[in-house]
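Shared between the two complexes below is subunit A, which pairs with subunit B and subunit C, respectively.
Moving on, here comes the complex of A and B:
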C-alpha cells in the first residue's frame, strides 16, 4: 500500500452563497458547509461519516464525486487530483461510485433497470464487459449477472422503478454502481429511507459486495447502529467540522470529544426506549 | 361484509342508474367535442381544398354580396354567400383553414424547438448561460408579442416566411420558460445526479434524463400556443401585414367584410366564427392535455 493510495481529502472547504445581508442588493454572506476537513479512506477500508443533519456529511460526498465545487482544499484518489477535471480526465472518477438515499428517485422512472445499469457502460466503453455495447444478448447477460450479484431475479431487468419495491430499487442502484467495477463506494444514507427489515438486507448486501470486490467505502449515516456493523473507522462531523476520527471500537468505547459522547448517549437512550 | 363475501358469491356490481349512466355518456361526448372539432378543422385544412374545383380568390362581380345559400350565376350554390368581389366564402373559409393550420403548425414547431433548446440548456447548466437566457427572455417579455410581430411584418415585404418569423420571435419564450423551470427542478433529481456521477455526457443526460419529462407539458403548451399563433396570424392579415393578397387568410376575409357589416354581415361573421371556434376548441384541447400531463408528472 503506497502512501497515496485510496481517497485523500485535505483541508476541504465548501461554501454556499447564503442569504443577502441587506434587502435586494446586499452582499451575500457565504455559508460554510464544510470547513477545512481532512479525511482519508484507505483501500479496503470502510469509513463511516456520522453527524446530525446539516453537519456537512453529504456535502463532502458530493464534493468527492464532483457534484459541488469546493472553495478550498484538495481531493485526490490514488494520488490524482479530482478537482477541476477536464472532460477527458473524467475517467479518474470512474473508480468512485455513489449510492443515493432515496432509492426511487435515484433511478430514472422512465428507464428499465437494465437501461439504467447499462448506461454506465455507454459512458465508459473502455471498462464495459466485452461486447455489451453492440451485442444486445451480451448486454442482457451482463445485466442479469450484475442483478444476480445484488440478489435480484433476471426479470427485474425489464422493469421500471415504479414496478419495484424500495429495497429492489436500492439493489438496482447498487448493481448500477458496481457496473463500472469501482474501487470506492460512497453510500450517502443508503439505507435510511428503507424499512428496518429491508435495511438489514441491503446492509448485508453492501458488506458482502465490499468483501467480494475489496472495495473501500465511505459510509455516510446518522445511524450509529449501522456504523457499528459496517465501519472500520468513524469520523464525526458537527457544523461542517470534523470533531473526531477514530477506529470504530475506540470511538464506541472511549470517545474523546464531548459531541461524540452526546451522540453515543442519545443513541443508547433510543436503544433502551425501543 | 368480508366474511359474507368469502362464503357467498360476491354480488355483481350494481349497474349504474340509467340517468347517471346517460349523464356520464353525455359528459364524455361533451368533453371529446373540442378535440373532434379540432380534428375536423385539421382534416378540412388538409383535404378540403382538394374538393374545391374553383379558385377561392376568383369570382364574378355579378355574384357580389350574395347571402349564404344563394344560387350563383354559374348555377352553383354559395353555401356561405359571397363577398364584395363575388368570391365564394366557403372556399375562402376552407382555404383559410389550411393557411391557419399550416402557419400555426410551423410557428409552434419553430418556437418549440428554439424554446426547448434555450430553456433546457439554460435550466440544466445554470450559471452564466442561464443568466443570459433569462435576461433575453425578460427583455422580450417586456414587448407585447403582437406589437413586435407587427413591426417585423411591417418592415419586410409580405410573405409567408416573414409571418412565420414575426410570430415565432416572441412565441418561443413560453416554451423556453416552461422547459427552463422544469430542467432546473429535474437537474436536482437524484437520477440526473447519478448519471452525472457516472460520467454520462451532458448532451446525453439532457436527451435521456431531462427532455423526456419536459416533452408532455411542452406538447400541451404547444396546443395553446398554436391557438395564439392562429389568432396572431389572422390579426396580422386583418391589418394588411400578413400574407400577400393573392393567398387566402381568415384575417383578410374578415377585413374585407368590415365595410359591409350592416348589409352583408356574413363576409366577416363566418370566417370570424370559424376562427373563434377553432381557437376555443384548441384552447380546450390544450387544457385537457395540460391536466393530463400535470397528473402524470
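Moving on, here comes the complex of A and C:
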C-alpha cells in the first residue's frame, strides 16, 4: 500500500526497563516488548492482533494512543505522525479511540455514564457536537443519542458503573469512545471479560457501529473464534515480533508460520460429537 | 497426628451433593444464591459445572469443602460416602481438605505462597503427616515430575515467581495431589492461562483422572473447554441447575433454552461462522431472581407460565434432566427450541 490513509505503524520498537541485575543497585536489562513491528490498518479495515500474553499486542495499542513512548519507529495516522506531539497537537490522536478489557475499571466509578461520556467533549471542545458544553439540554440529548446507538436506555445516563452490569459498562465505554467520532477504534480484549451470553451482544454492537460509521478497527484478542468472525486481516505476534500477517481466510486455512499453526491447533472448538 | 483417614470412608467412590442451598445477605435481605443444587461426582469421571457470573458455580464448589463466607448459611448435604460434610464440623473438614478432596484455584500466582519454595508447599501436607523434611522434598519432586515439570528434583527449590504461569498451575495441581485425594475441585483452572498452555493443563487433568482414578469437578464458564474434558455436565443459571446430563448429549442436543443459547454463542475457530444471535439482557442476579423460571426474561420461548411457575428439574430422558417447562416437548420433537 502506498496511500497514506489510515493507521501506519513502521518498525515500532518499545522497550521497558527490566529487572535490575543485582538487588536494588544493579543495572536494568531493558526488555523489548515490541520489536520492529510494521502494521497498517486501512480505512474501513478491521485488523485483528493475536498472540499470547506478553507477546506485545497491548503494548502496540498503548503506543498508538500515546500511553507508552516507543523507543524507535513511527506511528502515523492519515500521514501525520502521532509521536512526540506537542501538547497543542494532541488533537491528532482524536481520530483514535480505545476500548479496554475490563469495563468496570475503565470507567471512573464516581462519574455517571453521562458524565463519563461528556468528559470527552470538555477535553476536546473543538470537535464536540454543537452547543453540548454550554447547553445542558443539548448535552443530555447528545448523551441519550449516543447511548441509543450502543443500545442503552436513556435512564442509564444518570447511573454510575456500580449500578450497571458488565455488558452495560462496556456499552458505556463504547459510547464514550464514539463521542468524538473517531475513525479508528482500538479494542483491547473488549469482550474477553464479559459473560459468554453477553459477548455476542457486544460483538454485534461493535460490528454494527463499525459499519454505520465506516470505522477502522484494531482488534486485540486471544480468542481466535472471535477473530474469525470480525476481522478482515490478522496479524500474529510472538515475543514482541510480528510473525505472520494475512487476510483472515488465508490465515485460518493456510497458515504459513509454525507458531500460527501451533496457536490454531491449540485452539479447541466446541466438541458436540456424541 | 497421623493424618490418616478413617478406613470406612475410603470405600466410597462418589461425592454426592444434595439440595445444596447457600443463603447470603444481600442488598435486600437474605437471598438463596445457590438454590437446591444436586449432582454426583463419580470415580474416574469429570463433572463440568458451567455457568456465568452470578450462577453460583464457584460458591457451590467451595461450599463442598467448607470454604464459604462467614455470613453464609448453608443447608442440604454434601455426602462423602455416608458422611455429611456439611454437619461434620470444622476439624473434620480441615482433615478432609487436601486428603480426600483437594481444590485447584483459578490463579496459581495468588494461590501459591510467594515466600515458600514450591517443594516446601507441595510437601507441607506430607510433613504434617510425619514425613521428614528430606522425605517430603523427595516426594514433592516425584509429584512435580508426575504433573510434568521438567528437572523436578532441582525445581523443588524454586519459588513461585521463578515459574511460568503454566508451570505454577502444574505446581498447584501437584500440591492438590500431595495428600492423595480422590476428589479434585478445579475452579477455572485454565482461565488465566494462554491457549497453548491451557491445552496442556487440560491434558494433564485428563491423564490424572484416568491414571489415578480421580473424580474431578471442573468449574468453568468456558464451554469449549468443557466439551473436551467433561464427562457429565451441570449447567447453572442464577443459582439453580437448569440442565444436567452426559456432556456430549447435553451439548449435542440441549434440553434447556439457556444451554442451547450458550452452545450457539461459542464462536468457531476452525469453521467460518457468523456472530450468533445474542440473548437479550444480562445473566440474572441471584439476589434479585425473576419470578417463575429465572431465565424467562431472556428466553426466546417464554410463555405466561414461565413467568409465574418455577419449573422443576426432572428427568426428561434417561440420564437427562432439565428445568424447562417445555423440555418434554423439545425431547419429543428432537428439536431443542424453535430455531429462530
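As a convention for this text, the second predicted complex is superposed on the first by the 265 of 274 C-alpha atoms of A that agree within 3 Å, B and C clash if a C-alpha of one lies under 4 Å from a C-alpha of the other, contacts with A are read in each partner's own complex, and residues count from 1 in each chain.
In this text, a contact is a pair of C-beta atoms (placed from the backbone, for glycine too) under 8 Å apart; a residue touches a chain by one contact, two chains touch by 3 or more.
Model, not experiment: these values are computed from the prediction.
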Partners on subunit A (subunit B, subunit C) - clash or fit: fit
Touching partner for A:191 - first (subunit B), second (subunit C), both, neither: neither
Apex subunit A: angle to the C-alpha centres of subunit B and subunit C, given in degrees as a multiple of 10: 80
Partner chain in contact with A:243 - subunit B first, subunit C second, else both or neither: neither
Between subunit B and subunit C, more extensive residue contact with subunit A: C
First, second, both or neither for A:41, with subunit B first and subunit C second: neither
First (subunit B), second (subunit C), both or neither touched by A:14: neither
Subunit B versus subunit C as contact partner of A:98, first or second or both or neither: first
Minimum C-alpha spacing, chains overlaid - subunit B and subunit C, in Å: 9
Subunit A positions touched by subunit B in one structure and by subunit C in the second: none
Residue ranges of subunit A in contact with subunit B within the complex: 65-67, 90-91, 93-94, 96-98, 100-102, 105-111, 116, 119-120, 122-124, 173, 176, 180
Subunit C residues within the subunit A interface of the complex: 52-53, 165, 194-196, 198-199, 221, 223-225, 227-228, 248-249, 251-252, 261-263, 265-280, 282-283, 298
Sites on subunit B touched by subunit A in the complex: 189-191, 193-201, 204, 208-209, 212-213
Of all residues in subunit A, those that touch subunit C in their complex: 52-53, 165-168, 195-201, 203-204, 207, 222-226, 228-230, 252, 262-264, 266-274
